[in-house]
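Two complexes follow with chain A in common, the first pairing it with chain B and the second with chain C.
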Partner chain A sequence: MNYGLHAVKTITRRRVLETLITPGFYIAASAGLFFGYILVAGFTGSIDSGGLTFSLNPVYSQISKILSSIFGNSFVEKLFSHGPFRFAFLVALLPVFCYLSSSSVYKFGFEKNVGALELLNYGPSNSFSFSLAFLLKDLFFSASFSLLLVIFFSISAFLNNFIIGSDFFIFVVMIFFLVVGVLSYGILSVSLTDNAASSLALFFGLLMFFSVVQIGSYAVTGEYVGNLSSAVSWVVRWFSPVFYWTVGIRAAEYGNVPLQLLSISLLIVLSVALLFMSRIALFVRGMR
Partner chain B sequence: MIKTRALTKRFGSFTAVDDLTLNVRAGEIYGFLGPNGAGKTTTILMMLGVLKPTSGEMFLFNEEFSHRRLDLKQKIGVVPERHPAGMWKWITAREYLELFADLYRVSNFEDRVRHLLEKVNLLEVENKKISNFSRGMIQKLSIVRALLHEPDILFLDEPISGLDPMGIKMVRDLILFENREGRTIFISSHMLSEMEKICHRVAIISKGKLLAEATMDTLMLKAAKDRDIYIELEHIPGGLEEQFKRMDFVLDSYRDDNTLIVKVLKKGDYRKIIAKFLIDQNLIPLKMDEKFVTLEEAFTIITQDNVEKLVKNRGGT
Partner chain C sequence: MTGQGCARRMKLKISALFLFGITILLFSLQELRADIPKKSEQLVYKILAFNGKDYSHTFCREDAGTIYLLAHCDNFITIRKTFVYFWPITGQWNTDFETLNEVMDGYIEIKEKNRLKVINIKKVKYTFFNIRGEYENQWKVLTDGEAYRELEKWKKMYYSYIAEVEKYREEYEAYRKRFNELLKVANNLRKRGKNITDILQQIDSLKQPDEPVQPLYYNVPPVPVEEAYILNLPVGEFEVRFILPDGKVLEGSEKRVVSFEKRRGRGIGFDIIPGDKWTRPVQNTVLSSIIYINGKTDIFIRPFFENEYNDLYYNRLIRNDSTGNIHAYSWKRIQQVPGSTVEITYKDGRRELIREGQFVVEQAKGSSLGYTIVPYDPKGEHAGVLPNLIAFHIPKEPGEKSVELKLLDTEQRVIKNSEREMRVINRERFRLISASFIFIPILSMFIVLGLRRRRYYQ
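So, the complex of A and B:
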């Protein structure tokens, strides 16, 4: 096997084992499953003879109020018109994703700072193997947990006479590519900073920026960020994985398969570009 | 085995390594010496592909080396100056070595680990967490890690710093053993007395420039202003020092207990003449040693600015 691939395999296996023997992932996964259960169970409690009535369930009552105040009623109705699963999936995945991404960025930053990355680089591996191993580890756990959620929601749907449509599975696939894009920003953040704390700050700063602009533009103007003409929206349109993801989701809703595939392709291109940039940054700035 | 050609590294207007050309031969222990800030670590980082040179070339095994040559990296072992022990402190020494054995695809892991840990006296603690290790133990573990995959070249940056005298001896013996096994060893250290004991050839750099690259004897001879000949006699008759002082090649002569020290001109080997003179005087030399300067003295002389110029005027090496 090629030296680089062997290094990726070895380091990824180590990372996976490290995650499996620490409690963090199990705590985050338990929290995610709990939130998912609450949202699915709450949704069934919000249905009466008149259809979906959020006020019947205290959790959904609060959620609908918050979302309506930001995005308006029509957005909320649209969000739950396919059932609770999309929203529940997103909320359930959030703790796991936050744990995986923040622990990876922190750990990568720490390892770079103390010289572990440099030490591994003396051998038959390079910074790309190291970065890719972090990405693959997080994708492995994100995909595993997503699969668990899909099984959990499928059983819930079967027991409660809900239908999980193909749109839900497309949503899950799109989330996977969003995770790839966001984690690539995590790796770039590490390569551009000097310590673990600043890596985390840059990563979450970028994430907040993309999310706030995406959500804020819709909440304030009622327009998707792609339709606005400003410098900030230009940056988001080119560099935000959240933007490409929402384009893909909307394309799926309208049945526009080419646009959906294009958004996935662009997410992959963005991720590869970010990983390539991080490799250059690590080489130019040094691995410590 | 290791070659650099006009290797240069600039950080802005500061030149850390300036036009450095080194040539390390296969199977030798090569000492890389220089005062703090001389550019040793920068040179080593360029040699290992971690730092990109501003200009110049690097060759390992007669092939051009860059950070992309993972096949060549597989054939070298590295002990860095600062080991990132904090990173792996929650795993045992064995688990730590397993990680690197996986990475380097070490097939005879059990035998190799046992052999190396035994050599540095760490076998008993192989299942202890690294967090319990002293600095010296971590240093020895780092050396074991670098040797695990039986590299052809071993780069050691300050390998004995932080070790007690026993540890220094163990590491020295291990380096000599591995060299006898055929490994080329490139070693950078401030402990010149140790370097003197193990190195075949040394290079001295200062302010990023190569001042000297030579065998230990040649280097000491170059640095020395004279030679000291130590002659051990059963007894030293009165006036013997004065007789020596009258010889035209002798600069000075004095006694230290039963040893007569004769300071002679640097050029020429006068031991035969001295021995013949002593025998003519019915004095049998019990022991005769010739000493130039220690490596430490040579290092000090060579790195002084005025001598630096002198050495350069005489051809650099």
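So, the complex of A and C:
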């Protein structure tokens, strides 16, 4: 086997084990499932004799108000037209995603800063295999938790007589590729900064920036804010995994499979480009 | 410090405090004034725009840069000076045409964005009306002579109907009078013990006059002839401005026009009317969405045609100062589906055809609240009462957790985009089983950490 690949595999296995023996992931997973449960239970509580009535449930009443004020009523209507699962999945994944990405970025940054990697570099591994292992570890846990969520929602759907449509599974696949893109930015953030705190700040700053620009260009705002947001978005979107994800989701909504596949491909291309950039950055800046 | 100085200082402090208090009070009083909106004189585009189902009024004020119109439809525009004000209670801009309504004379100059060709649009006299039909295309617009002729035709129809009603009233009055006279005679004869067969025959032979039928040709009769600039544009962006009779551009008249069309048409939406809340129907507009219900009552549904439009454009077509999402599309109701049948398919494969029915809401007798919805019986107990509800009745089927419904047209073909699934949710079964899932990761954590600890101590 290629030494580099073997190094990636070994470090990934090591990282996975490290995550498994610390309580953080379990707590984040439980928090995610709790949010998922609240959202599905709240949705059932919002169903009246004539259909979905958000005002019946305080959680959904607030959620629908907030989402409607940002994205408009038609967005909310479509989001929940098949059930609560797409929204619940997104919310439930957030704690785990935040935990995984922040712990990886922080740990990678910290280890880089204290020179703990110096030893590894004498072996077959290099900075790239080390960063790739972080990414693979996060993807492994994201995929595992996504699978757990799919099982949880499928059981909830069966018990409540809801339907989990094909659009939900497409949504899950799209989320996975979004996570790949976002985590690649995490690796790049570590490569570009000197310490763990600044890596974390840069990563979440970038994530916030992409999300705000995408939401801003999609939100119901005044003409000025809308135009400004759209102009910024037009420049930024080519680097934004959130943009490609949104394109894929909208393509799936109207059954445009080629566009959906294209958006997935572009997310992969973006991730590869980011990893390549981080490799160059690590090579140029050096890694202790 | 002397006592006098101290007292003076104290007085000064009290005076300062008093002044401060008065100032605060005055500022507070300012907030208590009546909220009279400030009106400003503005040049506005008054718009009578076709919205897919009928015509709606809006206006484009000076600060608003864009007019939104449906493509390939006649829209009526006039340019006026009027007072515009913001009404904070509704958060909307309004006009005060009663105080100032100065119609500008000239013509509209319009050109497609980034194109050179300019089209001049002159003011015309117009009317519009709606004739009975199946879908949205029954709106007609006529101009100049034709407009007057159509209006005359309508007036003729209307006056003829009025004359028929007048004649009917007279005939009915005569009929009633004659009927009462004969009844009186019959009573008198009976009291005197005489034969009344002839009189009864005469009463039977009396014919009640037929009530005249209202002219059914128009859904909406022609509106009185008015003058406006008719904009019928293809899809695209246009630049519009107003040219005065002296050839100068009217200042502040430059606007952008967005002409858009529906993205998808002939969708089918449903009004879901629960039997226990019949005045609060829930709209289901998203195609192939699932209708989740709690299954506690019968359901009445009313299907309607719908078109899908850009959310922002459509909202601003209806009201130019409203908001919306430029990236989202929403289904808008056009009109009810006429002459359809609902086909219900149950899980076991049973099929049932449901026809549209008329229903009456009967209040519960006595002091208790509540009502029941019963089929309308015009010749029996509901004689003289109009039905409250015209809809398809889907009765509650105990044990049925899911039904598929679709709409059939008059020839029993499935109407495209009308398929829906209706599901009854099980609320109670969910809680405990699902909640137990939350603890799986925590339990796993304890197991993993326990095993590790055991291994460590070994």
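Before moving on, here are some points about what is shown:
Please note the rule applied: the second predicted complex is superposed on the first by the 274 of 288 C-alpha atoms of A that agree within 3 Å, B and C clash if a C-alpha of one lies under 4 Å from a C-alpha of the other, contacts with A are read in each partner's own complex, and residues count from 1 in each chain.
As a convention for this text, contacts are C-beta pairs under 8 Å (C-beta built on N, C-alpha and C of every residue); 3 or more make two chains touch, one makes a residue touch a chain.
Keep in mind it's a predicted model, so treat the numbers as computed, not measured.
Set side by side, chain B and chain C differ in how many residues of chain A they touch, and the one touching more is C. Legend: residue contacts after superposition of the two complexes on their common chain; A:160 is shown touching chain C, with no touch to chain B. Of the two partner chains, chain C is the only one that A:82 touches; chain B does not reach it. When the two structures are aligned on the shared chain, A:169 is found in touch with neither chain B nor chain C. After overlaying the two complexes on the shared chain, residue contacts for A:238 are found with neither chain B nor chain C. Touch criterion met: A:219 reaches chain C, while chain B stays clear of it.
In the superposition on chain A, contact is made by A:48 with chain C only, not with chain B. Once the two complexes are laid over each other on the shared chain, residue contacts for A:276 go to neither chain B nor chain C.
The interface of chain A with chain B does not overlap its interface with chain C at any residue. By the touch criterion given at the top, residues 65, 272-277, 280-282, 284-286, 289-297, 299, 311-312, 323-331, 401-402, 421, 423-427, 429-431, 433-435, 437-442, 444-445, 448-449, 452 of chain C touch chain A in their complex. Put simply, chain B touches chain A in their complex at residues 48-52, 67-68, 70-71, 73-74, 76, 78, 80, 82-84, 86-88, 99-100, 102-105, 155.
Of all residues in chain A, only 20-21, 23, 25-27, 29-30, 33-34, 37, 40-41, 44-45, 47-53, 71-75, 77-78, 81-83, 148, 152, 155-156, 159-163, 217-220, 223, 226 touch chain C in the complex they form. Across the complex, chain A meets chain B through its residues 3-4, 6-7, 10-11, 13-14, 110-111, 114-116, 118-126, 283-284, 286-287.
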